[in-house]
Structure formats: C-alpha cells, structure tokens
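In the part that follows, the structures are each spelled out as structure tokens.
Shared between the two complexes below is subunit A, which has subunit B as its partner in the first and subunit C in the second.
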Partner chain A sequence: MSIVLDQVTKLYAGVPVVNDVSLDIGDGEFFVLLGPSGSGKSTLLRSIAGLSGIDHGRIALHGRDVTHVAARKRGVGLVFQNYALFQHMTVAENIEFALRVRRMRARARRQRRQELLRLVALEGMDERLPAQLSGGQQQRVAVARALAHKPEVLLLDEPFGALDAKIREELRRTIRQVQRELGITTVLVTHDQEEAFAMADRIGIMNLGRLLEMGAPHELYSSPATRFVATFLGAANLILARRTPDGILIGATTVASAERASGERENEVVTVVRPEEVEVAADRAGLSSGYLAAGIVDEVVFTGALERLRLRLDPAQHGSLLAFGDGGGNASLQVTRTQHEQRGFEVRPGQAVAIGVRRVHVLPTPLSSFTACASSAVDAEALSRQPLLTELAARMKTRIGTRTEPQLGLPEGPCQGSDTFVGTIVVASGPRCAQEADWLLRRGARDLLALPRDAQAPQRVLIHWVGEAARGATLAISASVLRHVPAEAVYLGIVAGDAASPGHGHGMRELLDARSEAQMAHGLDMRTELHFGDGEQQLARRLAEAPGQMLILGVTDLQDFARRFGGLLEGESPVLIVHRGSP
Partner chain B sequence: MSFRQPSILPGFGLTFGFTTVFLSTIVLLPLAALVLAATSMHWGDFIHTVLSARALGSYRLSFGASLLAASINLVFGFIIAWTLMRYEFPGRKIIDALIDMPFALPTAVSGIALTTVFAQNGWIGQYLEPLGIKIAYTWIGVTLALTLISMPFTVRAVQPALLEVQKDLEEAAETLGAGRFYAFRRIILPTVLPAILTGFTLSFARAVGEYGSVIFIAGNLPMKTEITPLLIVIHLEQFDYQGAAALGLVMLVISFVMLLAINLIQAWGRRRHVGMAR
Partner chain C sequence: MSRAVMAGHAAGETSRPGQRTWAHAIVRWFFITTSLLFIAAVLLAPLATVFVMALSKGIEAYLHSFADPDTLAAIRLTLITAGVVVPINTVFGLAAAWSIAKFEFRGKSVLITLIDLPLAISPVISGMIFVLLFGLHGWFGVWLQEHDLSIIFALPGIMLATMFVTFPYVARELIPLMQQLGNNEEEAAITLGAGGWMTFFRVTLPKVRWGLVYGMVLCNARAMGEFGAVSVVSGHIRGLTNTMPLHIEILYNEYNFVGAFAVASLLTLLAALTLVIKTLVERTGYRRR
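So, the complex of A and B:
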C-alpha cells in the first residue's frame, strides 16, 4: 500500500474537521477525494502532505510511518489550487528548486528539468517568469515542480479550480497521462464530481469530516450506500418504498430485489432512482417499465443533448412517495430524457403523464423516514418541528410525518392508525416516555427516538446494545446517524461486576469484535470504552457525564423495558432505541 | 501628451495643473531659494564653511548615524512587521497602533523621553554607567534617537509586502524539501526585499532630516555629537544665513545622491528579473 491512513482525526477548536478516516491507497492508484466545501478533504490532503498535524491516528507512506515526520522529509509532491509558484524565479528555477535543496549538480538538474518540461508539454519555457505564463501553463509548471524530486506520492489540491473549462479538460488529460507514465500514486481533491469521474481509479466521498464511501466511479454511481453519496454524485430521486416478501414495492409496482427481506417483517426502505431511469408516457399502457405513479409536468428545460423535466406527483395520492420535497410538500421528481426519447413522446408543462421507473437501487440505510407520534395532534405537530429533528431530516433528505395515537402509553390501549409503524418513530422525552416507548415497541415500532424538547445536535454518540441479536441493526443505524451528524462515536462495553471479575477478558473481546464489525461492515470508526457494573446504571451515569451526547441503544427483549430503561428516556439527551427480535 | 485621457475622475488638466503648482510652491521653490542663497556666497567662504572640520564631523555623525539607524531598523523593523503579520496574540492591535507613536509624537518629546531613560542617572543609564557604557551625549544616543523616530517607516513599508507572501509559498517550499532557513532566504526574503529597501530608504531619509529629538540626547559637542541640522541652526542663530544655506545644500546633495543610488539599486534588481526572463 502506498498510502495508509488509520483512524486519522484532526480537530479544529475542538470540533473534528477530519473524523476517524481510515483509508488504503494502492501503488500507482489515482485516488480522488470528493466532497462539498468544508467536508475536510483538503485538510486530509494537507495532513498526508505533513502541512497540518493530526490529533489522532496514523499515516504511513510506502510502509513508513510518517505521522510525526516533517513535510519536507515525507517525499511528497503537492500542487496547490493557486499554483503557489515562486514569482521571482524563472520556470527553470522553480522546477529545480527541490533539486537545489538536495544539492544536485547543475548538469543533472538541467537534464531533469528538460525531462519534466517535456512531460508537461512546456519545452522551451525554461527562462519565462510565472507572470508571463497563462494559468494552465503555470499549473503545468507547478506539477513539474512537484514531481522534480521524484516523490513517491503526488497530491493535488483542487488543481483546476482557477482554470476555465477548456484548459481544465486539457490539463486533466495531461495530469492523467503523466500519472500513468510515471505510475505515481496520486491523490486529487475536488468538489467537482465530473472531474472525479473523469480521472479517478477510485473515489472516496467525504462529508462532515467523514469518509462516507469509497469505490470505483461507476459502482458509486449505480449503487451508493448512503443518501449523501446518492444525491451528491449526480442527481437522484430518493423514493420511499416498502420491502415485502415479494420484493420492493415502489409506487404501484413491485420490483424484484436481490436482497430479499430474509425473515424480517415488511419495512420501509429508501430507494434511489436516477433521473435517466425515469420513463414518461401518455398513459400507463404506454410505459415499457414498471408504473410508479401519475404526475403532471411542471417544467421542461432543454439543455442540448438532454432534456430535463420536473414532474409533480399528486400529493394526496402519492405525496408520500418522495423522501423529500422542496419544503412545501410539493415534492417533484427529476427526469432527464435523451433526444431519442423526446422524439418518441413530446411533453409540455401542465401535461398529465404516467411515470415509470426502469431501475431502482435500494439504499442499505436503515433509517428511512421519521414519524412524530403523540397522544394529541397538537403535540405530534409540535414534536415534528423540534429543531434537532428537522435538522436531522434535512440532512438525511427525508421527511417527518405525524401520527396521533390517543391511547399512547395506556397498557391495553389499541392502535388508532394503521397497525404498522414505518420508519423511525419519534416521541418526546419525559416521565411518560418509558410507557409510550414500551407501548410503541410492543406494537411493532422497530426504531424509536426519544427526543428531549430542546435537544441539540450531539457531539458524541454513545452506542450500546443488550442482546447480540440487536448488534447488526444497532451498528447499521449508528453508522447511518453518524454519517449525518459530525459527532464522535463511542462504543460502550459493559461488563457486570468489577475490573477484577472473570468477565473482563470476554468484555474486551466483545469490544474489539464490535469495533471491527463496525469498521468492516459499515465503515464506522468508533472509540471503545469498557465499563464495569450494572448496564443501565452505567449507561445513565455515562450519559449524564457531559451535555451534547446521544445514546443509540439496541434491545432484543422488551421484558421489563419501562423499568429498566425508563430512566434513560427522561434525561436531557436524545436516545434512539433499536428493537430487533420478537415484539 | 494629451489632456484628454479617459479616467474615472474627470479633469486631468485641472489636477495636473494643481500637481505642478503645488510641487513648485512647496518643494521646488524653497529648494531653489536654498541653492540661490548658497551660490550667492563667495567660493572661498563656501568652501571654508562646508569643509570646516566642524562641518565634516557633523556630516560624518549625521549620515553615519542615520545609515546605522536605518540598518538597525532594517533588521528589527522586519522582525516587528513579521511578528505583527504572522502571529495572533493578545494585544496585537495595540502594539500595531504603538508602532505609529513616533510619527505622532513631537520629536522633542521623544528626545526628552530618551534622555530620561538613558542619561547617566536615568532608568537604564544608571545601570550602564558602572559598566562604562555611556549612551546619552554620545554618538550612540544619537543613533538611538534616530532609530526610534525612523522605525515606523520600515515596519509600515514591510507589512503590506509580507501580506503578499502567501503561506502557500512557504508550504510549497516545505513540501519540496526546503528547511525553514532555506525557504526564508530563497522565497520570503526575495519577495519582500524591494519593500525592505523602500523602508530602509524612508528610514534613512527621515533620520537625516531629524533635529528635535537628537539635540536633547546628543549633548551637542562640536566635532563629536553635533549633527548637521544643529550646525545649520547654530549658523542661523548667528544670522549667518548663507553659511546655513551652504550646509543645507551639501545635505541636500548628499541625501539626493544616496537616495538616487538606492533607487537605482532597486530598479536594477527589478530589471534583473525581467532581463532573466528574456
């Protein structure tokens, strides 16, 4: 491995800007770090270069641990967005800078310089000053300069940011060519997904300091694992669907699904439908793909090769299909059509059409939508507007529904609404919360969030489960939450008794197992803590220790639920209960 | 030349006229008067006045101490500017404002303040005295006063230039393998050198013309701690206007030659880079 990052964390004023990033980049690989501004990608690159220190973790280059090695001794070449050429030096002097530092002979320097100038197609420019070159030429010089000392790793920090489209294209090709010719391991940072697709062997997508997903460009595009990646890499329609024994029920159609709901009950899932996978026709019979719903054309934009449509679904009938809308509940579906499709069926704004979907990708994310539940409509409405909840929903690009259950919390009270609970049910924390949670969980709610009225976004998420059957789901949900909240993840292992008791070794093993499973299966890096004593007491104590914490608690057994965990649901911290196993 | 040049502000004719009149009235005319007064002297008298041992001693002190003061400021002014631009620390704004104090203070006040501190019985002077170091009433005191009053010029000239040296450049040098000192010498210094030279020139010019602060701390011993501006005042007090003008002319010429030399060095430095590019 050329570059190995192990749990790299960089704090800025106490807040992680790079959060537990682990990453292996192979020899000669072209790796692109992609993310919106402020996602921590540049900071990560600077950490690899050694220009900014890290607070936690390890960095190794070609098997050498360089975590505490100065930038100048790391053997990397770095190219900056604004070129950072030495203005008072000629092109030749710029390129030879690293060689001069290394006291290379003048003849050898000149030879190397010629070689590099040929590589970046700037022969004969030796004696120019940077100010006399165009932006694209200057960046070529910067690339040549960064390669002069034969670094083992080439790092590019938004190198095309300041260039116009045509030059950009050209320089991209040059850099890719140079990289292939030299076989040098390269990391490029960009916020431009097209650039990432065009250049990368592999893309890593960052958001809020976390590395969310990694993979080949086409894999990431066709089967993203997270909502963020799905919507960040190109346009995506997120559509709520049901996982049934027969497949995925999306709108009016059931699509066969490879990952069958094995033994699990029906549940809500989030699906990704790319705009180019949506078909429109005059009526249902005209569709060659599965029928989704009826809709009305809102907008038609001609963009040359493609036509973009925005379709409005009837909110009364299909409003619940779309995972998120434009705020006012008027969710719209994005569609792109080729010339060929346009000729087959022309549409105008206002026209009613039948909508079909050709390909559906189910996100493995376990959190689909939120439903605020209370015993009165007013309370449910108020709860659905809780700031942390709306913030979470906005970040997860999902919606918040409401549900009124007048009998909520009464032991024998029946369900008012439909007998199934989909998505995550949200209830207000407080003294009644334990009863309500117990009531909901016994009636089929799987994920339940107890939310204090003025809870803020947590800085730390504590993770614990009681019963091994809840482990997978708890980890999956924790990973999902942590992708949308810039917080630190801590797994709490709790061993009955004290440190001297025989359970100690077992507890440690469990801890390490949990950590490696989180890492392997969900890309979630978490710290681990081992506590001794009674489970509920330790949780309550740890939760009360500091403000700004959230607990994700997996349970399998509802026996005595209210008594055991009731105390946790009255505090100032949000608690997400993940219930798996028999109701 | 055309007086019809497009510009944001109209009236090039008017402004150009104003510039000429203004410069003539307050700069060129008095200088011309000075030259005239000096040249109306007898050659013999002129030579006698400007080459007298006392006059020569005062030139040496005036220009020597000024050069020394400007050189001190070159180093320490740069360090101060660097500290103010590169580091964030409590009180930075206050120190930044203090830099300009010598501008605002009447120079005589600076002189009195320095004397209070550095005289034999002054705060610091009393401890230096037993060591055999005398500052007040020696050339060291003169240099000290000149350093103080000309220091802001270097700092203010270098500050904006340092702002231009992007951190990226240092980081680029670092990733290319350069140590701190190497990066400083090869990257930062060349970039800010023109500004440093400008600061040096301004400091020097200010120091040569200084009068108020020096006369308090210098002791004004003829041949030893007497600066040329003081000698000029002494001539004036004896109603020897022509002698004063003669000394003034000499200062004018020497200053002009030195400033011209520094400017030429700077211009040569710029040309060298452009020349190399061809």
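So, the complex of A and C:
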C-alpha cells in the first residue's frame, strides 16, 4: 500500500474537520477525494503532505509511518490550486528547486528538468517567468516542479479550479497521462464530480469530515450506499418505497423484484432513480419499462445533447417522492432524455404523460422517513417542526409526516390508523414518554426517537444495546445517523458488577467485537468505553454528564420497558430506540 | 412602448454626449489646475526657496559652508544614526510582519496597534519618554550615572529616539503584502524539501523584497529628517550630538542663512534621492509582478 490512513482525525477549535478517516491507497492508484467545500478533503490532503498536523490517528507512506515526520522529509509532491510557483524564479529555477535543495549537480539538474518539461509538454519554456505563462502552462510547471525529486506520492489540491473549461480538460488529460507513464500514486482533491469520474481509479466521497463511501466510479454511481452519495454524485430522485415479499413497491406499483432480505418483514426503504432511468410515454401501454405513475410535464430545458424534464406526479401518488437532484422541496421528478428519445416522443410543458422506471436502486440505509406521533393533531404538528428534527430530515433529504393517535400511551387503547408504523416514529420526551414509547413499540414501531423540545444537534452519540439480536440494526442505524451529524460515536459497554468481577474479560471482548463490526460493516469508527454496574443507571449517568449528547439504544425485549428505560426518555437528550425482537 | 423608449434614447444620444463632454472638460480642468496650484504654492515654492537661499551668495559660499567641521560632524552623525537604525528596524519589521501575517496568537491585535503607536504619538513626546527613562532624574538615571554610561545627550539616546519614531515603517509596509501573498509558496518550498532558512531566504524574502525596500526607504527618510524626538534627547552639543536637522536650526538662529540652507538643501536632495529610489522600486516591482 502506498498511502495508509488509520483513523485520522483533525480538530479545528475542538470541532472535527476530518473525522476518523481510514483509507488504503494502492501503488500507482489514482485516487480522487470528492466532496463539497468544507467537507475536510483539502485538510486531509494537507495532513498527508504534512502541512497540517493531525490530532489522532496514523499516516503511513509506502510502509513508513510519517505521522510525526516533517513535511519536507515526507517525499511527496504537492500541487496547489493557485499554482504557488515562485514568481521571482524562471521556469527552470522553479523546476530545479527541489534538486537544488538536494544538492544535485548542475548537469544532472538540467537533464532532469528537460525530461520533466517534455513530460508536461512545455519544452523550450525554461527561461520564462511564471507571470509570462498562461494559467494552464503555470499549472503544468507546478506539476513538473512537484515531480522533480521523484516523490513516491503526488498530491493535487483542486489543481484545475482556476482554469477555464477547455484548458481544464486538456490539463486533465496531461496529468492522467503523466501519472500512468510514471505509475505514481496520486491523490486528487476536487468538488467537481465530472472531474472525479474522468480521472479516478477510485473515488472517496467526503462530507462533514467523514469519508462516506469509496469505490470505482461506476460502482459508486450505480449503487451508492448513502443518500448523500446518491445525490452528490450526479442527479438522483430519491423515492420512498416499500420492500415487500413481492418486490419493491412505489405507491401501488411494483417497480422491481425484491432481492429478498432474509426473514425481514415488510419495511420502508429509500430508492434511487437516476434521471436517465426514467422513461416518458404518452400512455401506460407505450412504456417499455415498469410503470410508476402518471404525471404532468412542468418544465422542458434543452441543454444540447440532453433534454431535462421536470415532471409533476399525480397528487394521489406523489406522496412517496423525497428529494431530487437540486434538493428542492417540490415533489417533482427529474428526467433527462437523449436526442433519440426526444425524437421518439416530443413533450411540451403542461402535457400529461405516463412515467416508467427502468432501474431502481435500493439504498441500504436503515433510516427512511420520520413520522411525528402525538395524541392530538396540534401536538404532532408542533413536534414535526422541532428544529433538530427538521435539520436531520433536511440533511437526510427525507420528509416528516404526522400521525395522530388519540389513545397513545393508554395501555389497552387501540391503534387509530390502519397502516403499520413505518420509518422512524418521533415522540416528545417527557414524563409520559415511557408509556407512549412502550405503546408504540408494542404496536409495531421499530425505530423510535424520543425528542426533547429544545434538543440541539448532538456532538456525541452514545451507542448501547441490550440483547444481541438488536446489535446489527443498532450499529447500522448509528452509522446512518452519524453520516448526517458531525458528531463523535462512543460505544458504551456495560458489565454488571465492578472491575474485579469475572465479567470483565467478556465485556472487553464484546467491546472490541462491536468496534470491529462497526468498522467493517458500516465504515463507522467509534470510541469505546467500558462501564461497570447497572445498565440503565450507567446510561442515565453518562447521558447526564454533558450536554449535547444523544443515545442510540438497541432493545430486544419489551418486558418492563417503561420501568427500565423510562428515566432516559424524560431527560434533555434525544434517545433513539431501536427495537428488534428475535423472530 | 418599447419603441417610444428607443426613440427617447436615440434623441438623448444626439444632444447629451456633447454637453457632457463639455461640462466634463471644465470639471477636469478645474481639478487639475487646483491641485497643481496648491502643490506649487505649498510644496514647490518652499523647496525652491531652500535652493535659492542656499545659492544666494554664490556657489563658492555654498560649498564653503560644508567645510565647517561642525557641519561635517552633523552630517556624519545623521548618516551613522540612519546606518544603525534602518537595519535594526528592518529586522524587527520583518519579524513583526512575519509573525502577524503567518501565525494566529493571543494579543495579535494589540501588537498591530502597538506597531502604529509611534505614528500617533507626537515626536516630542517620543523624545520625552527616553529622557524620563534614562535622564538624570529618570528611572534608570542614577544607575546609569553610577556605571558611567550616558544615553541621553549622547549617541545612544539619539539612536533610540530615532528607532522609536521610525520602527512602524518596514512592518507597516510588509504586513498587508505578506497577508495578501499568502503561504502557498512557502508550503510548496517545504514539500519540495527546503528547510526554514532556505525557505525564508530563497522564497519569502525575494517575494516581499520590493515591499521591504520601499519600507526601508521610508524608514531611512524619516530617520534622517527626524527633528522633534531627537531635539529633546540630543542636548544640541555642537560637533557632537547635533544631527543635520538640529544643526540647520542652530545655523539659522545664528543668522547664517547660507549655511543653514546649504545643509537644508543637502537634506532635501537626500529626500529627493529617496523618492527616486522609491519610484524606481515601484516601477520594477510592478513589472515583475
């Protein structure tokens, strides 16, 4: 491995800007770090170069631990967005700088310089000053300069940011060619997904300091695992669907056969439909793919090779639409069509069409939508507007529904709605919360969020489960929550008795198992803490220690639920209950 | 509707531009003339007077006034002072500008304000500070006397006062420049394997050299011309602690107009030379950037 990052964390004023990033980059690989501005990708690159230190973790280059090695001894080449050429030196002096530092002889320097200038196609420019070169040429010089000392790793920080489209493409090709020719391990940082697709062997996508997913460009595009990646990498329509034994159901239509999850009962899932996978026809019979819904064309934009459509779905069916490429709130479906498709069936704004879907990808995320539940419509409405909930929903590009259950919390009270509980049910924290949670969980709610009225976004998420059957789901949901909240994850292991008790070794083992499972299966790095004593008491104590914490609690057994965990649901911290009974 | 607007616009175009140019020309002429007249009255006339008075008794009398040993001593003292003060302030200015532009630390804004302090304080007060510190009745006066050290009414006092008055110039010039140029070139040098000193001398210093030269030129001009602060600490001992500006005053008070204006003309020429260097530096600097 050329570059190994192990749990790298960088704090800025106490807030993690790079959060527990672990990453292996192979020899000769072209790796692209992609993310919106402020996602921590540039900071990570500077950490690899040694220009900014890290607060936690380890960095190794070619098997050599360089975590505490000075930048100048790391042997990396770095290219900046604004070139950072030495303005007072000629092209030749710029390129030879690293060689001069290494006291190489003049003749060998000249030879190496000419080699490099040929590589970046700038022969004969030796005596120019940077100010006499165009932006593209300056960046070529910067690449040549960064390669002069034959570094083992080339790092490029948004190298095309300041260039116009045409030069950008040309330089992109040059850099890719140079990289192949030298076989040098390269990391490029960019916010431009087209650039990432064009250059990368592998892409890693960062958001809020975390490395969310990585993989080959086509894999990430066709089967993303998270909403963020689905919508950041190209345009995507996110649609709520139901996974049933018969297939994936959107509204009343089965759009795809289910890859059956073993033993899972019917549940709500988030699907991704790429704009180019949507088909439009005059009527249902004209579709060659699975029928989704009827709709009306809202907008037609011609963009050259492609045509972009915005379709408004039939109001009776559009309830399941979540988010779109632009993240806007309107329930409209984004479609792109090729010239060929346009000629086959021309559309105008206002026209009614039948909509089909060629391919649906189901996100593995366990959190789909939120439903605020209370005993009166007014309370449910108020709860659905809680700031933390709306922020979470916005970040997850999902919606918040409301549900009124007049008998909520009354032990023998029946369910008002006929539907099953889907997604995450939200109730208000308070003295009545324990009864309400118990009531909901016994009537089929699986994920339940107890939300205090003034809860803010947490800085730390505590994770704990009672009963092994809840482990997988709790970890999956924790990972999903932490992808949308910039917080640190802490797993609490609790062993009955004290440190001297025989349960100690077992508790440690459980702790390490949980940690490695979170890392392996969900890419979630979490800290671990081992506590001794009674489970509920320890949780309550730990939760009360500091503000800004959230608890994710997995439970299997509802016996005595209200009595055992009621205290946790009255406090100032949000608590997410994950209930998975043994089948 | 749109046609009417178009027509109106076209009609406006035929009459207006001429009017505007005519009015514009008057305004321009007025402003340029006013500024030139003002400069002539306030700047050029007094400067011309210096040379007219200096040469009023002929070129021989003019040259003869430089033969006076006291005058020569004053010139020598001024040059020595500037020769010591400018390098020290250059080093200080570089260090201050570097730390302010490159690092974040507590008290940074206080440091920036303090650097400006000498510009805000009256030079006489600046001189007084040193008298209060090192004078016979000052804080360190007794100790200095016991050890037979003289600061006030001697060369060290003159240098300290000059240094105090002139220290903002280099730093003031460099801070915005360094902030604007950023850190990337230094970082590039470091990733290429250069150490701290090499990065400083090969990258940072060449990068800011025009700003640095400009700051030094300004610092030098002020160091040579400073009157107020130096007047307080020098003691006006002829041939010993008189700098050029102080010597001019003495000669003038003795009704030796030719002598006074001859030295003044020398000071003026030094100032003119400074300005020429400054202009050259600015031009070269622009061409390179």
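Throughout what follows, the second predicted complex is superposed on the first by the 561 of 583 C-alpha atoms of A that agree within 3 Å, B and C clash if a C-alpha of one lies under 4 Å from a C-alpha of the other, contacts with A are read in each partner's own complex, and residues count from 1 in each chain.
The rule is short, and it goes like this: a contact is a pair of C-beta atoms (placed from the backbone, for glycine too) under 8 Å apart; a residue touches a chain by one contact, two chains touch by 3 or more.
No experiment lies behind these values; they were computed from the predicted model shown.
Participant: Under the stated touch criterion, which partner chain does A:132 make contact with: subunit B (first), subunit C (second), both, or neither?
Facilitator: first
Participant: For A:90, is the partner it touches subunit B (first), subunit C (second), both, or none of the two (neither)?
Facilitator: first
Participant: Figure out whether A:563 sits in contact with subunit B (first) or subunit C (second), or with both, or with neither.
Facilitator: The answer is neither, since A:563 touches no partner chain.
Participant: Share the list of subunit A residues that count as touching for subunit B in one structure and for subunit C in the other.
Facilitator: On subunit A, the residues that contact subunit B in one structure and subunit C in the other are 49-51, 71-74, 76-78, 80, 82, 84-88, 97-98, 101-102, 129, 145-146, 148-149.
Participant: Where on subunit A does subunit C make contact in their complex?
Facilitator: 49-51, 71-78, 80, 82, 84-89, 97-98, 101-102, 129, 131, 142, 145-146, 148-149
Participant: Give every residue of subunit C touching subunit A within the complex, in rising order.
Facilitator: Contact set of subunit C toward subunit A: 184-185, 187-195, 198, 202-203, 206-207, 209, 288-289.
Participant: Okay, in this complex, where on subunit A does subunit B touch?
Facilitator: For subunit A paired with subunit B, touching residues are 49-51, 70-74, 76-78, 80, 82, 84-88, 90, 97-98, 101-102, 127-129, 132, 145-146, 148-149.
Participant: Enumerate the contact residues on subunit B facing subunit A in the complex.
Facilitator: Residue list for subunit B touching subunit A: 166, 168-169, 171-179, 182, 186-187, 190-191, 273-274, 276-278.
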